[in-house]
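In what follows, chain A forms one complex with chain B and a second complex with chain C.
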Partner chain A sequence: MLIRTMVRTSSVPWAAGPLFLLVWYMSDDLGRRVVPAYWESASSIPAYCLFAIAPVCAACAAWEAGRLKRGGVAQLGAARAQVMVVAQALAPVALLGLAAVTGSFLTVRVSMGSALDWPSVSVIGMITVVLAAHMLLGFVVGYALPRLLAPALILVLDYLWMTLPPTFDTMWVRHLTGHLETGLPVTDRINPDSVIAPAVVAAGIAAAGLLVALTSGRRRMAAALAGVLGIGLGGLAGQHLVADWGPSAPALARTDQPACAGKKPEICVPRELASVLPELEGASAAVLPRLADAGIPAPQRLSTASTATRVGPETWRVYASPYLTEDDARAEIAEAALPDLPDCLAHTDAYVGDPLPLRVWLLLAGGVPDDVVTEHYGPDALPAMAGVRAQSEEKQLDWFRRNLNLLKQCEPSPETQAIVR
Partner chain B sequence: MTLWLKARRPAVLAAGILVFAALSTAVGGRLVGLPSLSGTGTTTVPLLLFVPLAVCAGLLLCLDSGAQAAEITGARHIATYDRCLTALTGATAVGSAALAAVLRDAPVAVAAGRNALFLMGLALCVRAAWGSGVGMLVAAGWVVMVTLVGYDAYRTPRVWAVLGLAPGDVAGIALAGCCFAAGLGVLGRSTAGRRLR
Partner chain C sequence: MSAESVCFEGCSFGYRRNRTVIEALDFGFPAGRSVFLGPNGAGKSTVLGLAASALQPRSGSVRLGELSPRRGRDLKAYRQKVAWMPQQIDCVPGLTAREQVAYVGWLKGMSRAEAWSRAVDALRRVELEDHQDRKVSELSGGQKRRVGVAQSLVHGAEVLLLDEPTAGMDPRQRRVFHEVLGALPEEVSVVLSTHDVADLDEIYDNVVVLNAGTIRFSGPVKQFLAHASADAAPGRRAESAYDSIVGGVPAC
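Showing the complex of A and B:
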């Protein structure tokens, strides 16, 4: 059968318009928020859009199954094999999913403005397996339930499966759907298990769907039992991979070479942020000598490093974004003098201190203009620090070190409570 | 009338209403965060939005049961019977939603009854043109659409979406009532789309 005929006789043209519009809107909106050119982060956007693409494909597949069932195709002496009948019914649905995902990638590429490398192959693979699984599941549901009920039921249940797990207290469930979080930091790469787990679960569902779809008569019951076993095994394997995870996948630092500039200190950022190196160099030349005068010695290295990596005392972790201005760069360099603090709130709801006053002090000591400090920390920041800044340099440094030590031990530091951003 | 009642398989409708009542009571006022296209990316909606689909499916399955060809050519007032059955279903849905609201002490559950009326009306109108399968899909699609675009960035429900409005919202009640009345009105004209079922 011609592909044009297959598409014309299917339900796909009805669903295509709204789906493409939805996917375009979401991809464009989210694509503008990722770090330009960083495909690893941008690749999660089409996976995020799966919450719309997968249910629509499942509903279309259920509709096609109902159409075949109503036509009594399985009972007729068809010249084509059952697998061909199913494949031809599902081909337009697969095309719909493929077109939506491709459209999402293209929209993200246009919204990002630039790109290094290519989209993540592992994410593309996961999306393909998940879509195939949802499509086959929809087809089986369409065969098993009345045509009136099946497409609507699978649309709603599939939509809820993709979107509800993030609201569950049981964290690992959300990592099995394939509906990836967006906003991966430019310093991190996608955790492979966050792609493998949903793919394994989906593979189990796809295998079950395929078994049931390609069998008929008495063998279908045995196929259904084998399918349940397949889904159970896939679910167990996927759950095993993400069982200990929290709301997000554990961060993994990138392994590729960063872009670096300067000697003392050496400034390193991910390749996608190489354009802001001049701003950071200029800011470090202005800020570091002033901090040294205030008693904070300059580091050997300034690095935009992942939170998943530990940095030594001679390296300051500096935050950089593609839209860094000169003033922002100065503020970031000054703030970078604050070392990594423990996650004090991980085990308690009690007050564990506030590093904001120390950050404000670092900005002021580094010569960052007052208006930039106010812009970053609010109108109360400068008045609250007036008392500290009025003291001698030695006393200011003592205040900073004393409070830093308290914060490192998760001890409340009363002297830093005054500023609320 | 006995034959009509047997042909309509009232047990299917009763199952739909029971599922609706049970889910309304179980879900109560529970809120969930779902993806949204309105500014923030996520919006908090009552899980109850999805529950009226059960009674909607029960009604459509019930109305589609029986010998359609014989009913079209028959002399009995089938359309009137169907309208009475649909009106009774609507009243039962509103009553069971109110009961669920009392049992769970969740006033928001009352809205499930109004939403059931709106979705049944919408599904019946679409059914008249394109058949029950499309009618049910449109009702389900409407619920999904409301979670995506039915609230603005400040989580205020949009009036046209109906489902997210507060239980006592006059505009919501009026829209749901009009839609249900329109659905009742077109019940007898559902021949055009039956070939698409």
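Showing the complex of A and C:
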């Protein structure tokens, strides 16, 4: 059959319009929220859209299987290998999936505005395997169940499989569908296991689907049993990779070279944020001497580093975004003087203190204008700190150090910091 | 031309585990044009399905020359040499007559382009070229059967297995169909199951009669007609011969 005939006579033209519209909307919306140019993070958006693409492809595949069944193709004594017959039937569906994923990447690219490098190959590979698995599963269901029931059933069940796991209390299930979370920080790279686990599960499903689709007659029962085994093995392997995970994949720091500027201190940010280096340099020149006067010595390095990376006392972890203003940059650098604090709430439900007053004090000590402090921390921030700020510089520094130690120990009693709310 | 086309060697088959339709069939369809007769439920479609390798025998094997569809390496070549038109013509929904015929050509191993161009020729032979761009689902029952015939002609098979191809065709279309059969190269063998025994001697070389899964007769038409009773009218001799072989009135 000619390609245009295959596409014209398939269910794909019916499904393409609504699917493309949804994928475009989702990709554009999410694409505007990622750090521009950071493809590693943006690549998760097409994977996120799998919640719609995969069920639609599975339903179309089920429909195509129903057409082959209705056409009695298995009884025609085909000389072609069964795998070719299935592949031809699924070709329009594969084109639909490819077009939807490509459309998603293109929309994200346009929404981001700029791009360095290319989309993540591992994510593209995972998406490919997941889509193939869903198509094959849809095909098998379409061959096994009545022609009108199968597409509707697989559409609903597949959609539930792609969307329900993120609501489960069993965390590892969330990481097996391929429906990746968006919002990867610009400091982090994709955890390879978050891509491998769903790909392994999908490969198990794909192998099972292929096995059942390619066998006929009495061997089909054995193939179905082998398929169940394949899905089980794939599921076990995938579960093993993500068994200890929480709701999100463990962060992994980027390993590529950041963009740096300045000497004392050296300021380093991910390449995608190189454009904000001048703001950070200007802000550090204004803020760091004031902090030094208040008793907080300047660091050797200001770095937008991953939370997965430990930084020494000579490095301050500064948060940078592509939309950083000069005032924001001053505030961020002043706040960066607060070292990493332990995740106290991971071990207790008790009150473990609040670093907010220390942040406000750092901003004020760093010379950040009052209106910017108010903008960042609310109208009560300045009045709450008035008492501390009225004290001598030595006493203010004592207050800061005392409270910092309490926060580091997760035991804020007796709490000496002012409460800002 | 070899003496036999498709051969069965100890073939048994049943649709259910404990019910056998064909039991230890040892038989070869004669080469040439053979008409395959038998009452309803005799197992004709099953035998043709086995010959087409659309059905797999429980035991025994089917052969065409040295090729056996049971052997994986032979299956493709076997199916390319054998064309099969089932009794029930099912077409892939949405396809036009030309697309359907071309699709079957592709299934039989032709390239897409070759199948696409040869489909027109096959449809022309069954006088359906004017309907080639109509969806098969919109065609009448007789036209669908002609699409089925075109499907079996498209890839130039050596053996044509046709299960009641003329059912539902009007007299003119039956004549056209018989002309198509007559125009086939001599080396192409045809096995055609039917209940229509008129003009046997003009169209076919051989007759095969199946009843209750057993071959009751296989031989040249003249030999078959010799079974007719002496008092059979000239136009009823085939029916009479069939009756005497099967042992009753054939159900139509």
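Keep this in mind: the second predicted complex is superposed on the first by the 408 of 421 C-alpha atoms of A that agree within 3 Å, B and C clash if a C-alpha of one lies under 4 Å from a C-alpha of the other, contacts with A are read in each partner's own complex, and residues count from 1 in each chain.
Everything that follows uses one rule, which is that a residue touches a chain if its C-beta (ideal position, glycine included) is under 8 Å from a C-beta of that chain, and two chains touch if they have at least 3 such contacts.
Note that this is a predicted model, so its numbers are computed, not measured.
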{"item": "Partners on chain A (chain B, chain C) - clash or fit", "value": "fit"}
{"item": "Contacts of A:Val85 with chain B and chain C, given as first, second, both or neither", "value": "second"}
{"item": "Which of chain B and chain C A:Thr5 touches, first, second, both or neither", "value": "second"}
{"item": "Touched partner set for A:Gln75, first chain B, second chain C, both or neither", "value": "second"}
{"item": "Cα-centre angle that chain B and chain C span when viewed from chain A, reported as a multiple of 10 degrees", "value": "50"}
{"item": "CA minimum distance (chain B, chain C), superposed complexes, angstrom", "value": "8"}
{"item": "Chain A to chain B touching residues, read off their complex", "value": "18, 22, 25-26, 29, 51, 55, 59, 63, 66, 146-149, 151-153, 155-156, 159-160, 163-164, 166-167"}
{"item": "Complex contacts: residues of chain B adjacent to chain A", "value": "32-35, 37, 50, 53, 57, 60-61, 64, 132-133, 136-137, 139-141, 143-144, 147-148, 197"}
{"item": "Residues on chain A engaged by chain C in the complex (per definition of touch)", "value": "1-2, 5, 8-10, 67-68, 70-81, 85, 88, 217"}
{"item": "For the chain C and chain A complex, residues of the former touching the latter", "value": "49, 52-54, 56, 75-77, 79-80, 82, 84, 86, 88, 90-95, 99, 102-104, 106-109, 112, 116, 151"}
